[in-house]
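In what follows, structures are represented as structure tokens.
Next, two complexes with chain A in common: one pairs it with chain B, the other with chain C.
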Partner chain A sequence: MNGVTNKKSSRRVRERNNLIFYCLMLAFPIAQFCIFYIFVNFNAILLAFQKYNPDGTLTFGTLDNFRRLFADMKGLQQLRDGWGNSLLVYVISILSSPIGIIFSYYIYKKRFASNFFKVVLFAPSVISSVVIVTMFQMMADSFIPNLINEWFHPQPQMLGLLTMEETIFPTIIFYGIWIGQGTSILMYLGAMGNINDSVIEAAQIDGITPMKEFLFVVFPQIFPTFSVFFVSSLTTLLTNQMNLYTFYGANAKPQYNTIGYYMYVKLIRSSGIADYPYVAALGLLITVITLPVVLIARWAMNKINPMEAK
Partner chain B sequence: MKKQLFKTMALALCLTAGMSAFASCGAVERPDSQEEVDVTKTQLNVGVWEGGFRYNWLKEDWAKEFERLHAETVFEEGKKGVQVNVTPSKNYALENVPTVIKGSTDHVIISEQTNTFGFVRENSALDITDILTTPLTEYGETRSIVDKMRETDRAFYGGLKGATSEADYQYVALPWYASFFGINYDVELFEDNNYYFAAEGTGVNGFVTSLDAPKSNGPDGKPNTSDDGLPATFDDFFKLCDKMVQDGVTPMVWTGAVKDYMNYFTASLANDVVGFEQAQLNYTLDGTVADTLVESIDANGNITYMDPVAITNENGYLMQKQEGRYYAFKFLEKLLTTRDEKGNTVYINEADCTSTTGGHMAVQTKFLESRNKSQDNPNVKPIAMLAEGSWWYNEAKPTFDSNASIPGMGMNERRIGFMPMPKPTADYAGEATYTNTWITNIVINANTPASSLAAAKQFVRFIHTDWALSRFTTVANGIRPFDYQLTEEDAANASYFAKQALDIYQNSDIVNPWSSNPLVYNNLASFVGNYDSKAGGSTHTTVVEGLASLAKTSATPALDYFNGLSAYWTESNWNTTFATYLEN
Partner chain C sequence: MTELKTSNGLAKVWTVIKKLGKKLFKKKPTVFSVVCACFLWIFSLSLLFLFAYAFVNSFKSMSDFMWNPVGMPEKWETENCIHVLNYFRYQEKAHAPFYYIEDMIGFTLLYCFGCTLANLTIVTVTAYVTARFDYKFSGVVYTIVLVTMSLPLVGSQASELHVVKTLNLYNTFIGSFVLKANFLSLYYMVFHATFKGVGKSYSEAAEIDGAGNLRIFISIMLPLVKNTLMTIGLIYFIQYWNDYQTPLLYLPAYPTIALGLYQFKGSTIPDIASPTIKLGASILVFLPIFIVFLIFQNRIIGNVSIGGVKE
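Let's look at the complex of A and B:
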């Protein structure tokens, strides 16, 4: 009897110790979540309805920031074109996602030099973005024009791809697509690696072609990953700054601004933090627009998920 | 066993995360403080922006001399003397400095590109009015620090707490260096090629034939001054450029990577055209603007002026019509759009001036090395002028050092001068007006412990003695915005650039593109180097790119850009943007 009581008591002590241990372990991340997520976001929402007074104090209860924002949306090219540019960047990133899926499939099938491509395509994602951007700038604004000027002697001489008005936007878009492939390839490859070999073998015994294998076996199996990419990139629809700051600092041409870039530049150039409430208002507006879009997209992706349909 | 393993792993992760958190809350890293702490001395920590000026002047000159002079001073009970620990930091620039210093253990902080009002708002810097207004008698001087400051600096740094009269000024900060922007020129190249204008009725094609020949009066219109022989008007400037092009010299270069720079250049040029008093109104929005506001400009460039207007916060948008802007755009238009028969720019190397690669230091190197390299390589052209700020010379120290073995290429051997801006026409001849680029600050951290406070205050006083000011100019090739001259010893050792820049500072008007007007200091990005313009169906934010873009479709890009300023800053936009600061 005593033995049973002792066993129970030592189990209770162990459970209590475990509880203390896990509480302590979780305390730090929970505190971090409360401060850096809940408090920060709540404060940002409040800020949208505040204004800085000339003496640096804050006054609550104003819609001035939204009035100015809507006026700017009519008159300011950065904001006016920014919506279109942001949307365009998203559409292009979605349209370019098949490239990542197809490359992943190629590597998954272990075709010629697949490991080499895996390393080469993923390298830009692990190297510091500043290094990659500098290399890309050197290539686009120095190497390519120098090469063309040297070989073909165009007159007037060709300037950099990131300098000439007509090539800036395509070059930035190209960079975005190229740099975005590394992560998507890694994710899709991981998803493809989880496909049961016997499913593929069964399809092959039935005489399936590689194209049909990709479309009707592999893609449905990686659909959840595709869905995550699709939905998560929607969340950054209006905050994506298209690497403009990395290339041009705070002075990218207004006609190429995205909303994300405009918001970022507005913040860092806000020399007296007087613009913080204005930026908070823009952030809130972005959330109001993006949230339903993301939720609908998530619902739609769940609906059309071929694996769920089964 | 398995459970135990995961528990151990979880514990290790928690410890790692915790350590990272504590590390980030701790003291600012002190990479350069290699000296052992002498516990018998008061410890004074000085943090400085780790930028182009570096910090050898602070560590080797200011700190060492301060320690020597105060070896016997008791700054805190039980200790004698002071040990100055210098820390260069990338944290001490831009807008976060007033917040960042709250977590710093540095007592004196030297920073740049930070809005001084931030220190007032965050209450992160001590009020130092007393140490600024007391004469520096302990160092054998009769003037106080405030006595050495310019009126505009006193009004700004002293007026941020709302004081409007000098007697009430309260200071939390001091300026670190003058940051005027303009044209730097290779004096040796100018001398070797006689690129100076001859006195009227002498010379060949308007230029001197030898350095001894009498020179023209220069932009100030006065004989026997430092600008003699330099281009007085825009026409002179481009005549000089044409001569350079004929000689196979590239007249001018600037960095395309830092897009703001040529906006600062525009501000310097525009303010020089209208002069100090009228230029300052752009940033104080308080006073009567004379006949410098443009009503209209006809096809031939003739200007009709508005009647004088009293400028206030309510009608500040009218300053966009100031003629200086138009003339600055005209100047840049010609520099940018004059092309040869093949369509290539004549006065600048367009690739250098537009490329996003390399950055400003690469262009400095190109400018400095071009003359020497052109002697061996026919594909390299010497470059005569560089558009840069008054801080660039020390920034280019690595280039000077790497060329030091070449005779005449060392930092103190080269002769690079600062050229006064040419005027639109001879009618505008007069003293040059320069324009600062950004705000700099020296503050005492509000969290300085009592044990180091006396030393911190004394240090701030010391670094404004004539000796310390002179050393900064000699060692860092920069200008402290105070009234001082080089000591005899420093005058013998300082670079040509430093001496000339100091001469300019001491004898010219310098515009601060900021003021203690809350509308301005809370919205600096709308005033300092801001040339937002709506023209040709687009908004333009950088003058050079805007003019180049407009030139593709318009015969009058400068005029379009100028009119676009008022199209951008309409009364309605002004009222919406600055509603908080307007009376109605």
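Let's look at the complex of A and C:
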């Protein structure tokens, strides 16, 4: 009888200790989450409806930020062109994703030099964007035009790719695709690594060609990863800066701005908290636009997932 | 006679080439693989060329770079390195103190180690307790991570900065660590799955031996997941080393080396504005992290996938 009581009480002590340990361990993470996620997002909504006063205070209950924002959308070139540029960057990143998938397939099949490609293509992902942009800028503005001028003698002489009006935007987009492939290759490679070998072997016994194997066996298996990439790019559709800040600081030409870049520059240039309500209003507008689009896209991708359909 | 010798020689060379080819191309090349390989070579060589171009040109004098931007340096100038070390500095705003490379390295190490430790600790601890203890709240935490990962709440940076300033965390290292100490990431899922997979037998055996919860966590559980811990820690460290926009926004008075390079890159001061010196500075920032990457490349590349980190 005594033994049973002792067992029960020691279990109770252990459960109490477990609960104390659990609460202590979770106290900080939950407090951090409450302040820097829940409160920050709630404050973002409040801030969007607040007005900055000359004495440094904020007053609640105004639509001034949205009025200013919609007026700027008509008048400011940064915002007028920003929506189109952001969308264009997204479309191009989706259109270029087959490159990453095909390259991943080559590496996955352990063809010649695949390990070398894996390391080289991943390297830009571990190097700071400032470093690569500095190198790329020198190459695009000095090496390439000088090489073309020396070889082809064009008249008038070619200037830097990041200096000439007509080549700035394509060059920046090219840079994004070129440098961004490493991460996507690694992502798809991880997904391909999870494909069951027996599926591939069965297809090979049936005499499938590499192209058919890629299209009808491998791609459907990695579709969930493609879907994640598609949806997550959509999430950052309007916050993508397209590396503009790294290239030009706060001085990129208005016609090349994206919404994400415009927002970041506003925040950096804000004197004190003066522009925060305006930026918060823009952030809220972005969330309102992005949220349904992302949810619909996720639903659609789940619907067309070939693995689910089977 | 000579012709016969030549043809024998050619046949031998051809056999060697065939053997070498068989060794190199373990699988029979197809049109698809050849086209892919061609593109991959172009892609990879262009990337390597970029680094080589930066490296070579960082050793050119300014006049050599102006008159000979395409070729190799006429004379390998090591003076550029000294110039970089002397002029690589950062100033937050006019009249603010200058910070030199040794300060920036110090700030970078503090920022990277601090943020990595804060982030990794919170993710690991949260994942461990929610995986080990079957309270209802554990499920709530798991759902929170899932929901926040799929809800595109973007554009709250202004609000975050406002909150950070209100809490007096702006421009402080503690503020940056607190900001990074969150569990809302894919790595929470990775650790959660790993701790679930470990099983309770280890902790139960330790409990019988009288070990407390903290002891079980530190002495038994953490060593069991040390591979995952190391890989994710490395990924975090590299990410913080390279990030210049977060320090620019939240910690501008304590520049990291990436932030220093960002300001250096845009500088128009005559002593610094030379492209060769800017390339030299890039190499200086690039080398340490690239060496870390080369040492740990198998751990980083081999273990990362969209689904998480493989053990």
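Convention: the second predicted complex is superposed on the first by the 279 of 310 C-alpha atoms of A that agree within 3 Å, B and C clash if a C-alpha of one lies under 4 Å from a C-alpha of the other, contacts with A are read in each partner's own complex, and residues count from 1 in each chain.
Assume a residue touches a chain if its C-beta (ideal position, glycine included) is under 8 Å from a C-beta of that chain, and two chains touch if they have at least 3 such contacts.
All of these numbers come straight from a predicted model, not from anything done at the bench.
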item: Combined model on chain A where chain B meets chain C, clash or fit; value: clash
item: Chain C versus chain B, contacts on chain A by residue; value: C
item: Partner chain in contact with A:Ile273 - chain B first, chain C second, else both or neither; value: both
item: Contacts of A:Lys51 with chain B and chain C, given as first, second, both or neither; value: first
item: Which of chain B and chain C A:Gly249 touches, first, second, both or neither; value: both
item: Which superposed partner A:Ile127 touches (first chain B, second chain C, both, neither); value: second
item: Contacts of A:Met301 with chain B and chain C, given as first, second, both or neither; value: neither
item: First (chain B), second (chain C), both or neither touched by A:Met138; value: both
item: Chain B versus chain C as contact partner of A:Phe28, first or second or both or neither; value: both
item: Touching partner for A:Leu79 - first (chain B), second (chain C), both, neither; value: neither
item: Chain B and chain C contact sites that coincide on chain A, given as residue numbers; value: 21, 25, 28-29, 134, 138, 142, 249, 268, 273, 275
item: Chain A-facing residues of chain C, complex; value: 24-27, 29-30, 32-33, 36-37, 39-41, 43-44, 46-48, 50-51, 53-54, 57, 65, 69-70, 122, 125-126, 128-130, 133, 135, 137, 141, 144, 148, 150-163, 165, 167, 178-179, 181-184, 207, 212-214, 238, 241-245, 248-249, 258, 261-262, 265-266, 275, 278-279, 281-282, 285-286, 289-290, 292-293, 297, 300-301, 304-307
item: Contacting residues of chain A [partner chain B, same complex]; value: 21, 24-25, 28-29, 51-56, 64, 67-68, 71-72, 75-78, 134, 137-138, 141-142, 145, 155-157, 159-160, 162-163, 165, 247-251, 253-255, 268-275
item: List of chain B residues in touch with chain A within their complex; value: 7, 10-11, 14, 17-18, 21, 94-95, 115, 117-118, 120-121, 162, 256, 258-260, 339, 342-345, 350-351, 354-358, 518-519, 521-525, 528, 534, 538-542, 545, 549, 552, 572-573, 576-577, 579-581
item: Complex contacts: residues of chain A adjacent to chain C; value: 14, 17-19, 21-22, 25-26, 28-30, 32-33, 35-37, 39-41, 43-44, 47, 99, 102-103, 105-106, 109-113, 116-124, 126-136, 138-139, 142-143, 146-147, 150, 178, 181, 186-187, 189-191, 193-194, 209-211, 214, 225, 228, 234-236, 238-239, 245-246, 249, 263-264, 267-268, 273, 275-277, 279-280, 282-287, 290-291, 294, 298
